[in-house]
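Heads up, the thing below is written out as structure tokens.
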Amino acid sequence: MALSKEQIAQRIAQELKDGYYVNLGIGIPTLVANYVPEGIEVVLQSENGMLGMGPFPEKGQADADMINAGKQTVTVLPGGSFFDSSASFAMIRGGHVDLTVLGAFEVTDKGDIASWKIPGKMVKGMGGAMDLVASAKNIVVAMQHCSKDGESKLLKECTLPLTGVACVKKIVSDLAVLEVTDDGFLLLERAPGVSVEDIRKVTAGRLIVNGEIPEMKF
Amino acid sequence: MALSKEQIAQRIAQELKDGYYVNLGIGIPTLVANYVPEGIEVVLQSENGMLGMGPFPEKGQADADMINAGKQTVTVLPGGSFFDSSASFAMIRGGHVDLTVLGAFEVTDKGDIASWKIPGKMVKGMGGAMDLVASAKNIVVAMQHCSKDGESKLLKECTLPLTGVACVKKIVSDLAVLEVTDDGFLLLERAPGVSVEDIRKVTAGRLIVNGEIPEMKF
Amino acid sequence: MNKVVKNASEALYGIRDGMTLMVGGFGLSGLPENTIAALASSEVKGLTCISNNAGVDDFGLGYLLKNRQIKKMISSYVGENAEFERQLLNGELEVELIPQGTLAERCRAGGAGIPAFFVPAGYGTEVADGKEVRVFNGKPHLLEHALVADFAIVKAWKGDTHGNLIYRHTANNFNQAMAMAGKITIAEVEELVPAGELDPNQIHTPGIFVQRIFQGKDYEKRIERLTER
Amino acid sequence: MNKVVKNASEALYGIRDGMTLMVGGFGLSGLPENTIAALASSEVKGLTCISNNAGVDDFGLGYLLKNRQIKKMISSYVGENAEFERQLLNGELEVELIPQGTLAERCRAGGAGIPAFFVPAGYGTEVADGKEVRVFNGKPHLLEHALVADFAIVKAWKGDTHGNLIYRHTANNFNQAMAMAGKITIAEVEELVPAGELDPNQIHTPGIFVQRIFQGKDYEKRIERLTER
């Protein structure tokens, strides 16, 4: 059965390691913060200018001067810090963020990603996504494997304008966990009850299946 | 009569305008701070990382964490600030400092300056001088007109390695005030009792004398 | 060294049609509300605004958009504004989109006298169109140029008469880099104090970058996405 | 997220002959005294040290020079050190001189993922030898490259267990930019506090840049040029 958004986030949370600095994009990636494994401490960066982002504020405690990159009101945890946007992207560009999680419209088997613009629709802008994908040491994409009409979003070539090239390292979709390798998408794990064949049918890019593919564990 | 070092500094202080941010080099330029005209407020920058540099500390009040670019202990005035060296040179390089005063071994009638290296002598390094001369909006050089053996230091071409090219705007020597123009050194003022002819004799670069040249006033 | 002006209108002295403005803030946070309001009630038009976002319909730069005072927006994300969309689709507004980190760094570079620098962001995308590409450490980078503005308009929490500024929390955002890059930088602050009252170790924007400062009033500090536990 | 190590020796774990080190400080101010002392009593040699100055004979990097642990110095000003001069004149030491502002910016760029940038400093001088020249706004500029280091060693006033740092007065100097550019950044502080005790608005170096931190001891904080009124 395909994963829910929460389950995708939960699976991505297993990629976290103790001591990681992590940037979580808008949407499913934001949910990852709810599933940080026991005994692991990570620091969340928000690219508008904070480290140590905490949960949303208690009712009545919201502060207009403390928002995240999605413009939501947030809190700061002990050990956090605030800084200007050029310093924030110095951290990102300089490779100091250990893991970046973001959503995508499409990815390719070479690690290209399209996530910001759909021709014919109003352009909202790339925000920090191009900076993040161009510089992150480790990028995990959280996405649906197919569009609503069942078209694969894991492609040989993106059909939409690119956000970055050859940058995605891992994909956690509602159906599978895949690693981007020189030879294409290496299938690592299946969603519970989803077969390799199910995944193969909806993966338009090169798919590599080596031996037995385990189900994801939660 | 040739000016003393204090008089050179005093004359340069007349170049200060209210509201100026000023960087004073080591040596004679440092003395300029003692002659800021009445009613004029300037802020001194020290390129290691402070604005609002004040006088030397009272006896027993020196703080190892508060030094100027010459490594002397100093104080900070109300309205001052501390910052890192990259921010400090951002101010300098970005043209935010209104006036830079520094010493020189040699200058040319095109505004080139040599101030950091004497072949055969131990090289100490350029410190911040190259950054300062390359970016200052307005550079005044405080210097002796001649070497100890009477050789002119206001030349057509520098004989020593350059600190910067075409950057000096004005020179206050012990003998004269000169402006660097497209046509050479324009003589603006004479030291008291020094004749135009005296100056001409020890100025190897192109000297322009237009009409009556007034004596400096203190 | 007193840079205090009475209010936003006085701070905007010299602004003219067709000028380039940097406007600090991210989303609706850290916006120079008073100065934007004064601009909106002025006649100035044909502005090029460099600002990470374009406000919402009835707040921030949305006011200037509604009045048709903006000719061009240079931003990284502009997606919350119906009037913006209408003008863009009608060809009444030019838009240049820049990756957020590149935008921040281009502002800092403008203030820091660095005319151009290389970054990896945007390589292989439409952002790279017409830009010089060079490989460093095996990775392609784009040459990006500094941005400067006729006026930079920023908002800080506290400021002093010398123009020193301290921002609060994430309301710093683009204000600090933009404050460096204005030929004239206007700072409005929630609390204006005499020089000497701010700790010189805690200044985010040293006064050398600020030409005019005033105490703002009636801050609405609107929250775009109130999110509670 | 506890980055605290016991002392300088533990902080230097992994340092090897021939590595490149950035060492914060300006003159003798803001020097990582404990870490330099631990280096001096270690066997490590063949170091390339990036530091604005080279210490004096019996303080700062002078200790390492005396021990012949430094192969090359990259600095802007090195003029206060007789042993340095002796080694240089004997060809025992390499020296690369870089304008001070360019040096600071190259360190920041190394930390900020900007591989190269243009500056006007040094154009027309020997510093320009072999460098690309390009004219921007009618003014020639040199292309300068980022600096990074295997270890950056910095000194702060206060720090917390997450590695957040606050500098005091002009003892900030090169520490902040260098802290960004170390593959491993070691911070020694005069006062180490638990995470949460420092105001998050006043952090000069966010902990993300710091891998190891410890509370230094017995700071001499020598004054190079005591000047009183």
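Miscellaneous remarks
We call the chains A, B, C and D, going by the order they appear; numbering starts again at 1 in every chain.
Convention: contacts are C-beta pairs under 8 Å (C-beta built on N, C-alpha and C of every residue); 3 or more make two chains touch, one makes a residue touch a chain.
In this text, all values refer to a predicted model and were calculated from it rather than measured experimentally.
With contact taken as defined at the outset, chain A and chain B are each touched by C, D.
We define each chain's centre as the mean of its Cα atoms; on that basis chain B and chain C are separated by 36 Å.
In this assembly, the C-alpha centroid of chain A lies 29 Å from the C-alpha centroid of chain C. Look at where the CA atoms of chain C average out and do the same for chain D: the two points lie 33 Å apart.
Residues of chain D in contact with two or more other chains: 105, 108, 112-114, 119-120, 167-169, 200-201.
Residues of chain A in contact with two or more other chains: 50, 76, 82-83, 89-90, 92-93, 135. The touch graph of the protein chains shown belongs to none of the named shapes.
Taken together, the chains touch in the following pairs: A-C, A-D, B-C, B-D, C-D. Every residue of chain C that touches chain A in the complex is listed here, in rising order: 26-30, 52, 75-79, 85, 88-89, 95, 97, 99-102, 104-105, 107-108, 119-127, 157, 167-177, 204, 221-229. Within the complex formed with chain A, the residues of chain D that make contact are 1, 108, 110-114, 160-162, 164, 180, 194-196, 200-201, 203, 206-209.
Of all residues in chain A, only 46-50, 55-68, 70-74, 76, 82-86, 88-90, 92-93, 112, 122-131, 134-135, 161-166 touch chain C in the complex they form. Those residues of chain D that touch chain C in the complex are listed here as 105, 109, 112-120, 134, 136-137, 141, 145, 166-169, 200-202. Put simply, chain A touches chain D in their complex at residues 19, 21, 41, 43, 45, 50-52, 76-83, 87, 89-97, 135.
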